[in-house]
Amino acid sequence: MTIPQVRKEEQLNLESITWGDLTWVNIERPTERETEYLAQNYPFHTLDLDDYLSRIQRPKIDEYGAPKDYLFLVLHFPVFNIEARVTTSSQVSVFIGENYLITLHNGELKPLVKLFRECQIDEESRQEYFSQGSGYLLYRITDRLVDYCLPILNKIGDNIEDVEDNIFSDSARGTVRGISVLRRDIISFRRIIWPMRAVIGSLEPRVRRFTKMDMAVYFGDMVDHVDKIWDALDEYKEIIEGLNDTYDSLASNRTNEVMRILTIIATILLPITVVASIYGMNIPLPFQHSGYSLLYVFLIMLVVVGSMLYFFHRKHLI
Amino acid sequence: MTIPQVRKEEQLNLESITWGDLTWVNIERPTERETEYLAQNYPFHTLDLDDYLSRIQRPKIDEYGAPKDYLFLVLHFPVFNIEARVTTSSQVSVFIGENYLITLHNGELKPLVKLFRECQIDEESRQEYFSQGSGYLLYRITDRLVDYCLPILNKIGDNIEDVEDNIFSDSARGTVRGISVLRRDIISFRRIIWPMRAVIGSLEPRVRRFTKMDMAVYFGDMVDHVDKIWDALDEYKEIIEGLNDTYDSLASNRTNEVMRILTIIATILLPITVVASIYGMNIPLPFQHSGYSLLYVFLIMLVVVGSMLYFFHRKHLI
Amino acid sequence: MTIPQVRKEEQLNLESITWGDLTWVNIERPTERETEYLAQNYPFHTLDLDDYLSRIQRPKIDEYGAPKDYLFLVLHFPVFNIEARVTTSSQVSVFIGENYLITLHNGELKPLVKLFRECQIDEESRQEYFSQGSGYLLYRITDRLVDYCLPILNKIGDNIEDVEDNIFSDSARGTVRGISVLRRDIISFRRIIWPMRAVIGSLEPRVRRFTKMDMAVYFGDMVDHVDKIWDALDEYKEIIEGLNDTYDSLASNRTNEVMRILTIIATILLPITVVASIYGMNIPLPFQHSGYSLLYVFLIMLVVVGSMLYFFHRKHLI
Amino acid sequence: MTIPQVRKEEQLNLESITWGDLTWVNIERPTERETEYLAQNYPFHTLDLDDYLSRIQRPKIDEYGAPKDYLFLVLHFPVFNIEARVTTSSQVSVFIGENYLITLHNGELKPLVKLFRECQIDEESRQEYFSQGSGYLLYRITDRLVDYCLPILNKIGDNIEDVEDNIFSDSARGTVRGISVLRRDIISFRRIIWPMRAVIGSLEPRVRRFTKMDMAVYFGDMVDHVDKIWDALDEYKEIIEGLNDTYDSLASNRTNEVMRILTIIATILLPITVVASIYGMNIPLPFQHSGYSLLYVFLIMLVVVGSMLYFFHRKHLI
Amino acid sequence: MTIPQVRKEEQLNLESITWGDLTWVNIERPTERETEYLAQNYPFHTLDLDDYLSRIQRPKIDEYGAPKDYLFLVLHFPVFNIEARVTTSSQVSVFIGENYLITLHNGELKPLVKLFRECQIDEESRQEYFSQGSGYLLYRITDRLVDYCLPILNKIGDNIEDVEDNIFSDSARGTVRGISVLRRDIISFRRIIWPMRAVIGSLEPRVRRFTKMDMAVYFGDMVDHVDKIWDALDEYKEIIEGLNDTYDSLASNRTNEVMRILTIIATILLPITVVASIYGMNIPLPFQHSGYSLLYVFLIMLVVVGSMLYFFHRKHLI
């Protein structure tokens, strides 16, 4: 068994693990200093190194044949920002060659950081991940990151269920904001996964030469997972749009209800006021001095209100 | 005729039926114990066995050539949960080889359970289903499960018709909820059938080697059924979206109607109140002491109300 | 010229016409008795016969090569149900072989019934339709049924124009229902035509062997007609969705108008009532006993109403 | 130079121009008489002639190889009907052979009529259009008709800008109708252009044999124009849908504004009325006979109104 | 090193730079004079020159093989018009041959103008851009113009965030207009980028012959940038549609709130008015002359208001 070399370049922001003839270089928050280091020590194309630092990027695979013989991957994974309550994408750039694998990222992706630590500390993990070549190591990293999408996805699913539960209850104040935030999240998540499907789907044949075993089944399984995530997001998108429509229907329903009450109140109370006002006029009025005048007035009120209610009810208006 | 062996492993949660050289192993609610048993007795890939236990899955066919020579299928079918009034998906995993067929599921799919019981009890069914090889048996199981979708589909169709009948009647209280629940159901159902179409559609050429007869027509017929279900769901989706729009239009219609009544009431009663209030003022008023004062006042009221109604009516506002 | 044999099997619900070596068997409302008869006399696959009786079906062509050498077609055509005001689909199943053509349907499709009657009665029609082989006869039947879609389509077009005419007139009561019913109709119609396009489009090369002449142009013409129907339905769908949106905009417009009147009424009449009520209080009031008190009060009212109207008008609120 | 023969068949509704060995026959408003004439003098398929007279048609190219060797084209172009303010499609049928080109149309397409007149009158135009074969003549006609779409398209663009300008101004009465009519127009226009793209796009290779020069660039340019028109219509469609949404948002905004005024009026005036009514009661009231009673009452009114306004304002309701 | 010739044709509106055997001719705001000049000095097709001057155009590549051997490109880039607050497209036409590159544009595209100035002034830039052939120069120009889209894109992104921040705050007056303008902008931007993707994507293999180095990676990188822009626009489109829906939901929410206040006010104040009016009638009333009459009346009012509030509250209406 070879002795693993865990080396840390003090000046540069990079760490590396070597096991057998395979080295994994991990660079968190790379600056121009690190890309210069890579440019000097590896046969990488200038554009790929530029690509990392520029902010505008897209998941992709660039393949360089002999004599350079390496792959450049850009991968995006969703990271849920708890404070801003928003899903954003976090980028990992990967250079993979016969006997090295270089990852550049900004440290947000917990599972990647954890995996690297695991390999630094644990001899067994190192053997398990490194012994099948750089292609297998790439599979393990990517698979870990894909699985990391699931809790974020499930969180969205839970939030949707919360909205569904609340939407028919009366205390639906925060629902609009809930739907709006969820929709935004799903849109962002979909935009991250969409280009990833193509990249993950075309990874296997290109990585084949960097691994010692047949990995078709493994990569196929990972593609299934990504597709499943996509399907779920598609379903969530339709559900949240449906919930938005439902909310609007309920809101217009509520408007109608409140309007109807107002109208009923008006229909009952206004005629009474009218009759009372008339009998409040300072002019001679019929039955004014009769002992039963109040009774007569109440009878008039009853007749007016009753006939109005009957009329509107017959016209299906109240 | 061979004597069928109906064997039940006490310790493990699996039952099996053997007829001729073909064995059907049925595992309800598999745990790690059962997958270990499979791993020891069959040449299955570790990933396939892991796949069953992990919850995130997608309908698919994995094909393993010689020397393993088996197919791994994941199929999803809709199950209507009566209590929650929701359609959820239920998963069946199938391993199929030359002389065995293994089904793993959680027992929710009634027709699968019933079919297995039938084969256990009835010699004739056994002969009919098992005599044409494992591919034919797979066809019979899948076809039964596809047919099982129809009553669920028809239930949705009936519910849509109920909503359609109710939407124009006045008692449209529960309609929003009805539309919302139906839409949710249709979305879920579609998400179950969508990936199934690809799997069912590509099943025939892969299963061919496991059967003794030409099954193209049979599988083609099953694909027709799945496509028909998909078409129906597509139609339902469009209908329910149309009904939602119709409901909203009707609701805004009702708002308008109620508003118009309020306005008519206000237009008639407020002017009368105004005139009456004026004649209720404690100041000297014209005609106050005349014998016909009430008549004069009523005339004033009539003129004011009449001219307001006429004015608004001419402007097409009431 | 051969003598046509018009034969009617008393016991079975089938009629047949023979001219030359070609026989057209027409079965209205087939039961199991008729499918058994077909199973005994023709080399049809059991599934095709089962298919007819089961309700769930999809337009399709099943091709059986030698030695069976026949085609099985399922075709759907729209039928407008006048009572229910709904377009539903009606199914025709066709078996076509070298010298026979068998149609199974439930008698709803008038043009098919009429065509058969025509051939029974009229020697000339018989010669025209039968002399070019079973493929040509199939073309004549299908073409007749496709043309039969046009009046139904035109009826929808007329109804859309009615809705368009009514939508801007004030008496737009029935419009919502009109739009809803039309949309439903168009959805159903589209669902019938959609799978038909594929079937009709792939008919020609398969029917070629059953006819004596080159029919590419004829079938191409029929495909054009089906495509034209599809285009029209697509346009209708977009138009009706646009009309729905227009209706909703108009409804919210009307709400605004009615609201504005209410507000204007309130703005004018409420201040008057307030002033009158104040002067109706049983407490000492200024100018109460002056001879011009009424004039003063009216002046106060005028000022209050005027300034309110002016204020709201300047804020563009009324 | 050959002498052009401008001939007019008195009995038939057709005119023709011949230059060199190429003849252009133009038939406006063809009846059965003209189609019979064509059937007798040209080797056209009966279906093509029938097609012209039947109303239901779709843009298409039918190609007939040797010995008939002609193309049959159906083309649709938009015509703006100024009175009905609607874009409708106008059909041109074209038969094109080695040395003839026959156009059948109903005379609505001004540029076609004008082009024919131009060729009748002007020797130079004749030479320019006829000297390169019938394929080039077809290109000139089609290109002219495609360019004729642009003013109609621009008119729609102008109308959209009008709607955009009006939508935020207060006098947005006619906007709903404007949006509705524009949307209808765009839908119709799109439906005319959509099938035309396929026809125009596949024209060049089929027409090649009827022309003496390489026309790939010319037809490519025409395809660009049609695609540009399509793109513009697509953009217009999205814009008009966006405007519809904007209009609805503005309408609900206005409803809110008007509602708020009503509520403010009610909040201010109703409490005053209440207090005044109370002091109008014919029962002993506090401060009734005090000299400052009016002042007290006004103070009460002020307190009630003020506290209500404060309360609703703090709850962000007014 | 060759001496660059910076030449300016006084009469014509064109400038040119020559370095080695490569000349870049830049024409701002070309008129017919310039196109005539090009027609005389270069082997360009008449249609391409016409194309520039006609306004209706579409991004495209026209390829002319030997002996002409040049490419004609039409490219569109977004330009943000600050005054009109609208994104419009600006066109660049490019002719590229072995040793020349001609750009025609109207001077709106700042980066193109700046690049040309840079090459005029700075010897080093000239060498960098011109030494690899006309294909490389084209890449530099196009890449600069593509990058120029990013600030416009980011501006839209910032505006969307502003709308998102404002939408839930109460002062959402300008939001409708903001959403409407943004949506319009995004639609226009998308329409500009959409056809560009195809053009940029197919540029590399066609330009290959005009350059001395392998440029696949460079053009691939540019395609990535365009795709990224497209993805961002797609996401923006979905977000803005979501925000529009959210705004509408919030608006109907606000309507409901205001309606509820009105109803509460009416429910409390109208009954009091009614009771007060009744006690204001000039007829004998119960308790009228009692010392506690006011107390009794207040008790009646309290009971009426209280029971109404209780009734509506129990029915979940207020």
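A few remarks follow.
To keep things simple, chains are lettered A, B, C, D and E as they appear, and every chain counts its residues starting from 1.
Going forward, a contact is a pair of C-beta atoms (placed from the backbone, for glycine too) under 8 Å apart; a residue touches a chain by one contact, two chains touch by 3 or more.
The structure displayed is predicted, hence computed values, not measured ones.
In a view that ignores subunit C, the other chains are joined by touching into one piece.
Of all residue numbers that take part in the contact between subunit A and subunit E, under half occur on both sides, making this a different-residue interface. Chain centres here are Cα means. That of subunit A falls 25 Å from that of subunit B. In this assembly, the C-alpha centroid of subunit A lies 40 Å from the C-alpha centroid of subunit D.
Looking at subunit A, residues 248, 252, 255, 259, 262, 266, 270, 273, 277, 280-282, 285 sit in touch with two or more other chains.
If the chains shown are joined wherever they touch, the resulting network closes on itself as one ring, and no chain has more or fewer than two partners. Think of the chains as beads on a loop: from subunit A toward subunit B, the beads read A, B, C, D, E. The residues of subunit B lying in touch with subunit A in their complex are 45, 47, 51, 56-58, 60, 62, 170, 176-177, 179-180, 183-184, 187-188, 191, 194-195, 244, 247-248, 251-252, 254-255, 257-259, 261-262, 265-266, 269-270, 272-273, 276-277, 279-282, 285, 287-289, 291, 293-294, 297. On the side of subunit E, the complex with subunit A involves touching residues 150, 164, 167-168, 217-218, 220-221, 224-225, 227-228, 231, 234-235, 238-239, 242-243, 245-246, 248-250, 252-253, 255-256, 259-260, 262-263, 266-267, 270-271, 273-274, 277-278, 280-286, 308, 312, 316-318.
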